[in-house]
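Below you'll find the structure I mean.
Naming follows writing order (A, B and C), and every chain is counted from residue 1.
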Amino acid sequence: MLNAPAPRDPAAWPRLLITGAALLLLWPGVALSEFDIFVLFNGANASLMADFLAGFWPLAHDLAFLAILGKATLETLAIATAGITLAWLIAFPASLLATRALSISALHCHGSPSWQGRLLRTVVRAILVVLRSIPEIVWALLFVRAVGLGPTAGVLAIAITYGGMLGKVYAEIFESVPNQPTRALLLAGSSRLQAFAYGLLPTASDEMISYTVYRWECAIRASVVMGFVGAGGLGQQVDLSLRMFAGGEVSSLLLTFLALVIGADLISRLLRETRL
Amino acid sequence: MNLKGLVALIVLLASIACSFAYLGTNFKELLSSKALHQMSVFLADFLHPDFSVSYLRSIAQGALETLAMSAIGTLLAAALGIILALPAAGRLGLPAKSLARFALNALRAVPELVWAALMVLAAGLGPNAGALALALHTAGVLGRLFAEALENAPAAPSEAIRLAGGNRFSAFTYGTLPIVWPQLLAYILYRWENNIRMASILGFVGAGGLGQMLYIKLSLFQQAQAATVILAMLCLVLAVDALSAWARQRWVST
Amino acid sequence: MNVRLTGVELLHTNGQRALIIPEMHVNRGEQVALIGSSGAGKTTLLRLLASSLRPSQGVVTLFDQDPWMLSGSIRQRLRARIGLIHQAPPLPARQRVVTAVLAGRLGQWPLWRSLISLVYPLDRAGAAQALARLDLEDKLFERCDQLSGGQLQRVGIARVLYQAPELVLADEPVSAMDPLLASHTLKVLVKDAQARQATLITSLHSVELALNHFPRVIGLRQGAVMFDKAAKDVHPDDLALLYANEQLSQAEVHPQRAQATVSRC
């Protein structure tokens, strides 16, 4: 028994093959991404970076800078709020068009809507997919080119991306709430909008509000990031300060951003918990 | 509608009005026929994407670069995240725990794009900076998730190994890792999915991939080429979405 | 002398006394059974001996050393000489049996060896041999969550057999097995201890198993030693006193415990 040969491990070959395959896939990845972590530590780069990082403390807090900071913060908040408002203006009608819950033809044909209705819904849904699948910062870059530097580009970018997201989710909410009240109203001859206002909205509004507030919080984060391509707000200031190697300003801006995100998180949690 | 609702509505409308007023966006001018005409000329150029073979080849190169950047960044982040998660889960004493938590929060608080801008300064232009930036931010996110998973894992198996004389490291690898690795893997894949999307835009600050191509093409006013890059980004995002939805349905729900 | 307790007292966190043992010795190579009703302090005593619990008062001496006076790394070296068999072996559900058994020697292995064994078990023959002594060698590459409660208990025993410690502590190691298997498994444990001149201290629910397999039996009641004598000297009156007034509650507790063992992995 002592000298019995070691039993073969049935998992050995599969494990070896998986490891080999992973390395084989990863190797070109390392080459493609020109991955080299040591560049961070070589002489000139490292000392430059160290100087820059050392400048992060003390925080910049002179009056002129604080004025800029305050202005940028307000701008970020305004971009997010205005952007979400426009997004809602896009999303609300689009979701009414995209949802199956308000189909009149479906009432008569065993629940399946007519082909015209289906075509319209598919087109609207596809548009919403495109709107939200292109990252907001790409939209921002496009609008900066189209309408110039400044917060307007940011507002429009948020409006489009978040319009796509809100529209999709609203439509899903409409389809997930109980549909008997709406059907009853539609069968009784009311128009789609009437059926929506009296049959759907009362049950769906809570969820819609909570999701919209959540997206507003995301929009604040996004509006900071979009500043990097020139769409105003805190991000644009971070970009400027980084280019000027003003470490103290960068750290002040980042802390403000952090406070803003935490604050927005608190407000949104508060709003969602105290149902109106 | 009760009083509370009314107040909320008024506050909401007031803040929206204030926002538009503060931004001073002149929508009338923005929607004037002249501006609209300009915009339509600009946008019309996007309707003829460049589909020449040589250009598509460089797009594919950019997409692969983006994928590689996200994969390498996520892997590095997973390694850094687990190294920080061990002390953050309280396995090496209280001082180490608070220090590690602070580090994780700091890494996570700085957005990827800011890390990318910093890394471009530190490591030069190119996808390497993007991978490092993704690694730093994602390490913060994953580290926190990992630490939570480690804290929630039952302690008995690793304690049993400690009682048989094993050191902390073997207690972790033999007692805790077998319990938590499926969860850790799920977190890593989820973040990778997120990072592919991120990697495609990090190039805006010079960190390589599709983003850098788009930024350059738009700077050169080559709208047709830029449109192709945007289409490629769209395809990448949709493909990742579809793949992850399929994978989730296949493995997670069962 | 292998194990010695002097003036040991252990309090629960709520201040209640869990264990009080003024004096107890176990010599090298002895085989001792601990009996007593649930809550008598058998598990507490074993965890004290495994240096898992620290006495509130008094000294536990293991291999002539007080583990709580040692530095962390030397205590770990001491612990590598002690093997604790848990009633419900705490094995990760997804771990393979072979890895779970090999984990017994982590205290003796260098780091590189434990890391390689994690992905490619090196000493498969050793693990298979330990399992074979408990008729489980066919489960070598199964996952722990595919085993029954009794099989899992035997994997826990195999881990300690593989560890081959000088002091084996077993906390109701056969509680989820049928009587025949339980008897056989105890025989394996006792034989292993005899062959290696190791000390074996086992807590048991079944008095019959204790008297049949162990030369020395210690009866615990309410945290104190009621009797400590050779198995052949244990009188029915001793047992009646040990379990007095508690037969009823014990009958209720027993099946529940066995079930808890099966469901946990």
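As a convention for this text, contacts are C-beta pairs under 8 Å (C-beta built on N, C-alpha and C of every residue); 3 or more make two chains touch, one makes a residue touch a chain.
All figures in this text were calculated on a predicted structure; none of them were measured in a lab.
By count of C-beta pairs in contact, B-C exceeds the other of the chain pairs B-C and A-C. The greatest centre-to-centre gap from subunit C, using C-alpha centroids, is found for A.
For this pair, subunit A with subunit B, the centres built from the Cα atoms lie 11 Å apart.
Remark: subunit B and subunit C have CA centroids separated by 50 Å (rounded to whole angstrom). Rounded to whole angstrom, the centroid-to-centroid distance between subunit A and subunit C, based on C-alpha atoms, equals 55 Å.
Subunit C meets subunit B in the complex at residues 50-52, 76-84, 86, 89-95, 99, 103-104, 106-109, 111, 114-115, 118, 163, 165.
Against subunit C, the residues of subunit A that register as touching in their complex are 1-2, 4-7, 9-12, 15.
Within the complex, the subunit B residues that touch subunit A are 4-5, 8, 15-16, 18-20, 22-23, 25, 30, 35, 38-39, 42-43, 64-65, 67-69, 71-73, 75-76, 109-111, 113-114, 117-118, 121-124, 126-128, 130-132, 197, 200-201, 204-205, 208, 214-215, 218, 230, 233-234, 237-238, 241.
Residues of subunit A that touch subunit B in their complex: 26, 28-37, 39-40, 45, 48-49, 52, 74-75, 77-79, 81-82, 85, 129-130, 133-135, 137-138, 141-142, 145-147, 151-152, 155, 221, 224-225, 228-229, 235, 238-239, 242, 254, 257-258, 261, 276. For subunit C in complex with subunit A, the residues that touch the partner chain are 96, 98, 119-121, 123-125, 128-129, 132, 140-141.
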